[in-house]
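Every chain is named by a letter (A, B, C, D, E and F) in the order it is written, and numbering of its residues begins at 1.
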Amino acid sequence: MKVTVSRKAQFNAAHRLYNPNWSFEKNDEVFGKCNNPNYHGHNYQLIVSVKGTIDPETGYVIDMKDLKALIKEHVEDVFDHRNLNLDTEDFKELNPTAENIAVVIWNKLRPHLKSELELKVVLYETERNFVEFEG
Amino acid sequence: MKVTVSRKAQFNAAHRLYNPNWSFEKNDEVFGKCNNPNYHGHNYQLIVSVKGTIDPETGYVIDMKDLKALIKEHVEDVFDHRNLNLDTEDFKELNPTAENIAVVIWNKLRPHLKSELELKVVLYETERNFVEFEG
Amino acid sequence: MKVTVSRKAQFNAAHRLYNPNWSFEKNDEVFGKCNNPNYHGHNYQLIVSVKGTIDPETGYVIDMKDLKALIKEHVEDVFDHRNLNLDTEDFKELNPTAENIAVVIWNKLRPHLKSELELKVVLYETERNFVEFEG
Amino acid sequence: MKVTVSRKAQFNAAHRLYNPNWSFEKNDEVFGKCNNPNYHGHNYQLIVSVKGTIDPETGYVIDMKDLKALIKEHVEDVFDHRNLNLDTEDFKELNPTAENIAVVIWNKLRPHLKSELELKVVLYETERNFVEFEG
Amino acid sequence: MKVTVSRKAQFNAAHRLYNPNWSFEKNDEVFGKCNNPNYHGHNYQLIVSVKGTIDPETGYVIDMKDLKALIKEHVEDVFDHRNLNLDTEDFKELNPTAENIAVVIWNKLRPHLKSELELKVVLYETERNFVEFEG
Amino acid sequence: MKVTVSRKAQFNAAHRLYNPNWSFEKNDEVFGKCNNPNYHGHNYQLIVSVKGTIDPETGYVIDMKDLKALIKEHVEDVFDHRNLNLDTEDFKELNPTAENIAVVIWNKLRPHLKSELELKVVLYETERNFVEFEG
């Protein structure tokens, strides 16, 4: 009898999409205005979901305060009000598409959750575009 | 060829989180301000999803009016404008965490749906915290 | 390592629910005010989700611009500001319930996506009623 | 010391925009796809706001249950699941633009409110287009 | 040249509507299920708006961090996870309707803002019911 | 008899808040993490409202298609996927706070609207922070 518990968070960041192995023209063709060398930015909305059994003592799968603190420490404090390409180690060599950001966040959170808990990450880049990763 | 049909509903209720087998200090440590003995409250947002095959006569998996009526009778009429701890049988002995409320709602609705239909319940306690139960 | 990429879209359409093999009375009994012979309408909100592996060159599962263009060509240009019963081939003989519209949209999009990509369609008929189809 | 009290509601309707004194070509030029002779439709979101002084006995400007009932009787029961052009007296001779619908709703509600209360109507035709009328 | 700056916040509280000078029957007739003696509750959404001239040095009307801190100290820390009737001085003798709560919040914040700034408070009791007070 | 017509739009941009006449320390003290020299970014949500009388021929205050085109040409095409500090003339010498951006947008749109129309601009920097300017 497993329940999924989800917590929403947000971070505001700048980024640029491009592949350093390609010419500027090729990058422009593929990434369009997302390839602006001066960067653009987003309010990223994040939903972190954890699935597991309910602890009969507390009625919790995971304490939401703990989940909130994990997201703050490992995601918000690292990405919020940052330039993803310049200010983070994660995207020094990795293109910060929504897909890659979701995978990076999943990998940051996974080690801090008990192994019997399942983890899913949903990331909204805009109100109309979002991605989902479950490992 | 199965389609999932979902209906949103809402109920406004008071509750308090605590374990009667623990001291007030232990409850305070675990549940923090949710342990306020005078209660606090939420606008609970509920999404009930039913998965099944489309009836070729009607084009429906389930008539949304029937699903709405089931939710009203078995959830809203029981929980809306109530104190979950004091006014309901369900949480006399069960801590009304979002996880437990979702399971209780699932158990209330399950007997009223045909056995070939699958049931999922999503419950938002706040805009940022929500849980999901599929049985 | 698969990621799901989703895009939201919208179309505004008129429709009427009824079964031409039934009497008006039977239709009224089953479909109620949705059976109004002069039609009513909705702002349909659509979420199209595509699941696949991330292309290491681009960091994309699918280019969101391509997905947006597919939805425009095969859904919005066909359904937006139309009467689903009168102006489309799809619902000449098929009752335009949310369930059937979701299946029709899925069938319209499926041939235009690579076979290794999984497709899911979510369709909101109103803020409180929505359906989901994954093939 | 005046407070404004607002209530949200919704109705789903079909409509067509055109001026019967114009040619089809002129209507098409001005109203584009909104001129579809077979109609299209919307989920209209309505916000009715009433401004007045707080009754010290109740703490209410107006009982929300009364405001909800007024909106149901004079707006929802008249417009919901209707074709605005064909099924209502209001738009027999009046083009059902969002602007005109908002004015019509204001005029329907005004006589049922005490004269010392101020009335404002906001009407969303889509998530991105809305209008506002205060008399 | 004045600009209005707004900040959203939230608090979750229990309350009961009744007039201690009335019989239980009269309270029930007027306040219905809101008169439940065991309380019910809401996620109150708050929007605090401050209007003034832009400081040419900072480009701010008011520093959003300061506005956020004022709301936390004077509203959230006082009302969040509380029973408005039992746990606050403000509603010991005042019926905690949305109207009265909005006026109380306005009065709490007004002294902490420079006199040349205008203040408005919007309070959502539910997604569909909200009130507004500008002094 | 005036009606207000509103249109929502969006642009995604990078920016940095700072005053070039101040030391880095002073900027850090005032603008905190918004002073990141590598920029951060937002999904700016924009609501443009135009108030005027209804044209009896069309039933429109302003054709929403024209308002949408004005916003695209004068706001989205200039700010979307740009770095406000580096890529625009407007913020070469002006701090791109939400307040200043709203005033700049108002000034860009005002000359393109008939003088008898009133203009208001609402700008959301995040879901929780927004500003409003009416000239």
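Simple rule for what comes next: contacts are C-beta pairs under 8 Å (C-beta built on N, C-alpha and C of every residue); 3 or more make two chains touch, one makes a residue touch a chain.
On a predicted model such as this, the values are computed, not experimentally measured, just so you know.
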item: Intersection of contact partners for chain A and chain D; value: C, F
item: From the options D-E, A-F or A-B, the pair that copies C-D, where over half of the contact pairs coincide; value: A-F
item: Chain pair with more C-beta contacts, A-F versus B-C; value: A-F
item: Label of the chain whose CA centroid is most distant from the centroid of chain B; value: F
item: Intercentroid distance (Cα basis), chain C paired with chain A, Å; value: 29
item: Chain centre separation (chain B, chain F; CA means) in Å; value: 41
item: CA centroid of chain B to CA centroid of chain D, Å; value: 34
item: Junction residues of chain D - those touching two or more other chains; value: 127
item: Interchain contacts, given as pairs of chains that touch; value: A-B, A-C, A-F, B-C, B-E, C-D, D-E, D-F, E-F
item: Chain A to chain B touching residues, read off their complex; value: 1, 3-9, 49, 54, 57-61, 63-65
item: Complex contacts: residues of chain A adjacent to chain F; value: 10, 12-15, 33-34, 36, 38-43, 80-83, 86-87, 126-127
item: Chain F residues within the chain E interface of the complex; value: 17, 19, 30-32, 94-100, 102-103, 127-133, 135
